[in-house]
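Below you'll find the structures, each written out as structure tokens.
Same chain, two partners: chain A is paired with chain B first, then with chain C.
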Partner chain A sequence: MTGDWRYRLARNRGTLLAFGIFLAMFTIYVLNHPAGFTANVVQTATNKGVLLAFVAMAQALVVITAGIDLSVGMIFILTNCLASWIVVGTPLQTALGVAGVLAAGLACGALNGAIVIYGRLQPIVATIATGAIYFGIALWLRPYPGGSVNEGLADALTGKLFGIVPASLAVLAGAVLIVWAPFSRSVLGRAAYAAGSAEPAGYMSGIPIRPAKFMAYALGGLLASIGGLFLTFFTYTGEAAFASGNAYTLFSIAAVVLGGVSLYGGTGSGVGAIFGALAFRTIGDLLFVFDLDPLWQPLFQGVVLLVAVSLGAFGLLRVRSRLEWFR
Partner chain B sequence: MAADMGDARPPLLRMEGISKRFGGVRALEEAELTVRAGRIHAVLGENGAGKSTLIKILAGVISPDEGRMLLDGGEVSFASPAEANRAGIVCIFQELSLIPDLSVADNIALFDPPRRFGLIDRRAQRRIAEEALARAGAPDIHPMALVKDLPLSRRQMVEIAKSLARQPRILILDEATSALTAADVAKVFSVLKRLRSEGLALLYISHRMHEIAELADECTVFRNGRNVASYPAGTKTDNEVVELMIGREYKHVFPPKPVSPPAARPVLECRNLSWSERLRDISFSVRQGEVVGLGGLDGQGQRELLLALFGVLRGCGGKVLVNGKPVALSSPGQAKADGIGMALIPEDRKTEGLMLPMSVRENLSFASLDRVSRHGLIDRAAEDRQIEEMVRLLAIRAGSLDMPVGGLSGGNQQKVVIAKWLMRAPRIILLNDPTRGIDVGTKQEIYQLLRRLADAGAAILFYSTDYDELIGCCDRVLVLYDGMIKRELVGKEITEHALIATALNISGEQAA
Partner chain C sequence: MSETANLVGTRWLRRVDPAVATAFACIILLLAFGSLYSTNFLSPEYLLQQLKVASFLGVIATGMMLVILLGQIDLSVPWAVAVGGMMACAAAAYGTVGVYLAIPFGVACGAAIGLVNGIGVAYLRIPSMIITLATNAVAQGLMVVYTGGFSPRDSATAAMRFLATGSLLPGIPNAVVIWALIGFAAVFLLTRTTFGRSVYAIGNRERAAYLSGIDTRRIVMVAFILSGALSAFGGVLLAGYASKAAQAMGDAYLLPAIAAVVLGGTSILGGRGSYLGTIAGVILITVLQSILSVMQMPEAGRQVIYGILIVAMLLLYGRTPALR
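This part shows the complex of A and B:
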């Protein structure tokens, strides 16, 4: 039918806009970078961006169901501390360690899901509480910064593939292919969108609403733990950093909104959240290339974030029925 | 009489040459409307004829592209509903505008709450609410009750009270009675007639012909965004009016019923079904190929009965048998499963039927995701095949399958809800007032469809608040009163008289 593309475009407007914003910012960044567009510059930028990208993708899964996960930054910190204990030794031990970290993330997410869905608590309160628990465990694992990680694996995953492509970017793409793509095309994924859009209608259609929401929280935990692993690969240590965990939680919310995921649920995509996260990170890097005083970073970051999020609201100026302002 | 004097006075409101375009669609084209004080003016037309757009322009929700509005002879334009309110134009919208989590009194005084020292004066607010509720003929509603705890029909009464508290000069009622019980409708009508005698102008939009016949002084018919006729009420027959509305000759609204009721085996049986205080000792059966109606006043347990059968209610007593075997369903997911084959077309398509922001395609396949997926992954090709078949079968008019279903007209939205369930080829079809607020043309298509489905072997249980539908569509009608089956009407016994008398719990002999 004619006009299909128009609706598909409208559907993915948030994701495309996030991609556009990221592209514009990154272009400005690279053009002003003393070294220009080189593999090393891209690698550094990617390594900075992927951590938030994983956490934002985790947040996006939950936000699509009209929920929110305020423990996502603490899962990230907890898995970092866990990884600094167990991702060491022989290749087999390391592999088991990675599997253990991912399983821990999945378990944290599953616990969130179980409490929110089967315990019927408000997601905000439930995940504040579980976040505190996860941080408590992180603190118990690493009262002081320390530990180590299999440096061979760490260097491989933070380096470049074939001397060009940043390995962390490849892992991010892999996560999209292995986690996001099947989720978005599955019955559970569609049920997750339905849960965020009109939960009673979904239930009355006899689709698995509750398993879908549970799956969103659990996969969110898994993605956050991939972020935690990468944090360990970058720093070679584990640290129960409270401020960092909270910052990642809040930044992940900013990133999903920037990435076109509505906090009301039902719209947006994990891919959009990734571009949102990368754009958000590039804001910080712009300061560096323009040689601004780092003290200005929070203020600058806030202003650029406001402007970027406002771009998504421009559509409201063209609204014909004023009722649509409230949708 | 006040009504006669109204003609001599200049019109209270005139809309001239109003045009409005949404994207490529002309919603209104050179539309005109004249409203006089002390008259009830009915606006008729199919859904999509432009009535709602006209009302929204009048109420300040949207601005016209062309044309002008004259109030008391002076040109006006409204940039917001608040401005229209200040000019004395108050609208009761089809979609309720109440805030569910606030009390009745809070809602009634929402527009301009009484204040003392800048804070809301709760006592004065309660007084205003009580007065407004009394004026609306619903003094039984407690002002402190939360709106979300009230049934739909009571909420509608609150909505009317809320509009009266704003002291309107022109009151617009857009399908305001579609959720009301017959007793409430009578009360509302006496209120509206009193308001007319007080000199208000009332604009009344309804799909119910007998309401218009009872209430209106003047009528204007809209078709395809234009006003096609204005005439004094009572000068045209129902058939003539419907022909004006649909622009073609109107006949055979209801498909013929089978001469003798089918003697097939019962597909769905209910034995002594009960649920808290709302359902008491309900026993009946629906045979293959049969259309069984549920009648009675709104809120007598019909909705609960359908939800109980569909596995939504917990703690039901009694037995439900499907194909002679007892079943215990604990979710819609189980009710729709292959061994049972049940479908429920819900009452409120906007919350229980559709995900409005999601595409037509996704909405259509929601109930059948298990059939178009393999190992949990959706097979888009299989999905599209089934969807296209349904779009053809029900003649769903959508610009694109990728457009949000919220962008379709009400009738087409309802077709999507029905198609979504027909895709499963259900053997037991439960319908909860499926034609509420949709246009005549779509209603006819739904009546034909129901009979076709029954002829193809489905067992249909059909609740409607519209007596004409029960009479025209059903082989049998079960009339509910206070959670019990009061009477079963079969074949020729299904008359308006019998339905109303039983619904009001007066025996037919006494009423006659």
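This part shows the complex of A and C:
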């Protein structure tokens, strides 16, 4: 029992580190923000951050199984376009619309999972291809930006609860409790970690590797669609923006890496990815509080991404045999 | 007598990669289908025009193929293409010396992107799709800062325009000649040099290649540099074709380049594939694009068809072995 806390600490090191980075960045951000630490500043920062947080959590689920989902940004864009059509009207229609959007996200994720696991294709190329399909459908739904959304619901979910807590943060916490926590504690969730760390060994021990990977891709689609829904709530419109979809895919990978999820699979958590996403967004916004030219933002984010992925190279120093370079 | 001929025939048939044969069959099918729309599809002028359009993709896909043969992938193509075009045009603004150095400078910038990718993949052992996505983002950031967010104003040099649109040999566009030269170089490199054999060896099993004394890290790095340089050269040609560079000029080339290589039968896991297949893949993609645009298929439909086609071809040829 005495060694238990040490094990837990070691297992959650990545998540804790991500939380630390986020806390440090957010403190610098708030201290230099002209308005200081007020509910409004927190709300704006949260609303920017949760979109990426949902997409990053989606990516984390897949990356834990040693896969990757390069279509996650396009699912995000597709569900945004879909929501701008169907999340309108009476409360009942709106509720059905929300359910429809979530179902669409789940279906996209399930298609990825089916192709990668049962079709036995490389996740990189397979999800680039499905990403093209999802973007095509998004473009078909919204050739031009437009549409609308139930504004009452949108304002409620992007506002503040009791005048303090950002509602979007509450939904994010809800997603962690309803999607991530049950999954990671279930047999399938354990199997997803096993798939990431030693797939053949897991398979030999009779662990349900394939259902677990399938579930990870499907739930990833679901989480990306919650992000798409929130994008619609923020913008009130749907837009099939290719560049934006690509950027979210890219940033989700950066957020996952910052959040302590190993790209080789098997370690990290969805919660870590959330802190990674919030930290990444805060780093991007630091430029604004320091009054730098916004033109530098893409370069700055790119460099942060490059440095974040290069940090993984420190693992090479621990390698005992050069043969371990080649996986 | 006829028996020997038969034997030679079957032996020849056995050597033909089914994926390459399928790709060529698809091209013929597409052209036949297109000729139902308009008889122009079978005219020499149309075919030559398609070959010219295909040569830009062909140059870019050559680099992509090298990297895919290693079992890696290069997702920095979009901005390597744009950097090549934009930097070549930018150099042209610096007087006579600039005009002469425009093309080498553009290609060198692409090679620099490839160098960063190569160091990351070969020496830091970062997964290639991650490091190339990151360098793509950095390249984009650099170009946004350089142009100030506006579309670049510099225009292409006369030499760039001549390479992309002129024709030195009567009737044959220069772009096609360039693709042919690069293609010959690639075939020579892949089949007649130790570098090429090492690329296949690393793609099959890097561990075994390392143990047999190949400097695998140097080979991987050089392949990424070549990929970056070829992407940038594709960008230089495209800038010459349009007589100026544009911010998003490379976005439309990543997916087709991967698709062309994969449709041509090169295994996405590395180690297997021929340049003939890549040629077939490039022409197939170009003819498909042309027919979809003649049919006035909107961009949405094109994306969906691309995606489905790649998944379908991968399911036919690119499956990994089952867990046992």
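Note that in this section the second predicted complex is superposed on the first by the 301 of 327 C-alpha atoms of A that agree within 3 Å, B and C clash if a C-alpha of one lies under 4 Å from a C-alpha of the other, contacts with A are read in each partner's own complex, and residues count from 1 in each chain.
Definition applied: contacts are C-beta pairs under 8 Å (C-beta built on N, C-alpha and C of every residue); 3 or more make two chains touch, one makes a residue touch a chain.
The structure presented is a predicted model; accordingly, all values stated were derived computationally and were not measured.
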For this session: Answer with first, second, both or neither: which of chain B and chain C does A:S197 touch in the superposed model?
Result: first
Problem set entry | Dominant toucher of chain A (residue count), chain B or chain C | C
Exercise. A:V303 contacts which: chain B (first), chain C (second), both, neither?
Worked result: second
Exercise. After lining up the shared chain so the two structures overlap, which partner does A:G206 touch, if you call chain B first and chain C second: first, second, both or neither?
Worked result: first
Exercise. Does the superposition put A:I137 against chain B (first), chain C (second), both, or neither?
Worked result: second
Seminar exercise, completed: After superposition on chain A, the chain A residues reached by both chain B and chain C are 200, 203, 322-323
Problem set entry | chain A-touching residues of chain B, taken from the complex the two chains share | 22, 56, 61-62, 80, 310, 312, 331-336, 344, 346, 350-359, 362, 366-367, 369-370, 373, 376-378, 380, 399-404, 420
For this session: Would you pull the chain A residues touching chain C in the complex into a rising list?
Result: 68, 70, 115, 119-122, 124-126, 128-133, 135-140, 143, 199-200, 203, 209, 242-243, 250, 253-254, 257, 263-264, 295-303, 305-306, 309-310, 312-313, 316, 322-323, 325-326
Exercise. Mind pulling up the chain C residues that touch chain A in the complex?
Worked result: 73, 120, 124-127, 129-131, 133-142, 144-145, 148-149, 206-207, 210-211, 216, 248, 251, 255, 258-259, 262, 268-269, 298-308, 310-311, 314-315, 318-323
Seminar exercise, completed: Residue positions on chain A within touch of chain B in the complex are 1-4, 6-8, 11, 182, 185-188, 190-191, 193-194, 197-198, 200-208, 266-267, 320-323, 327
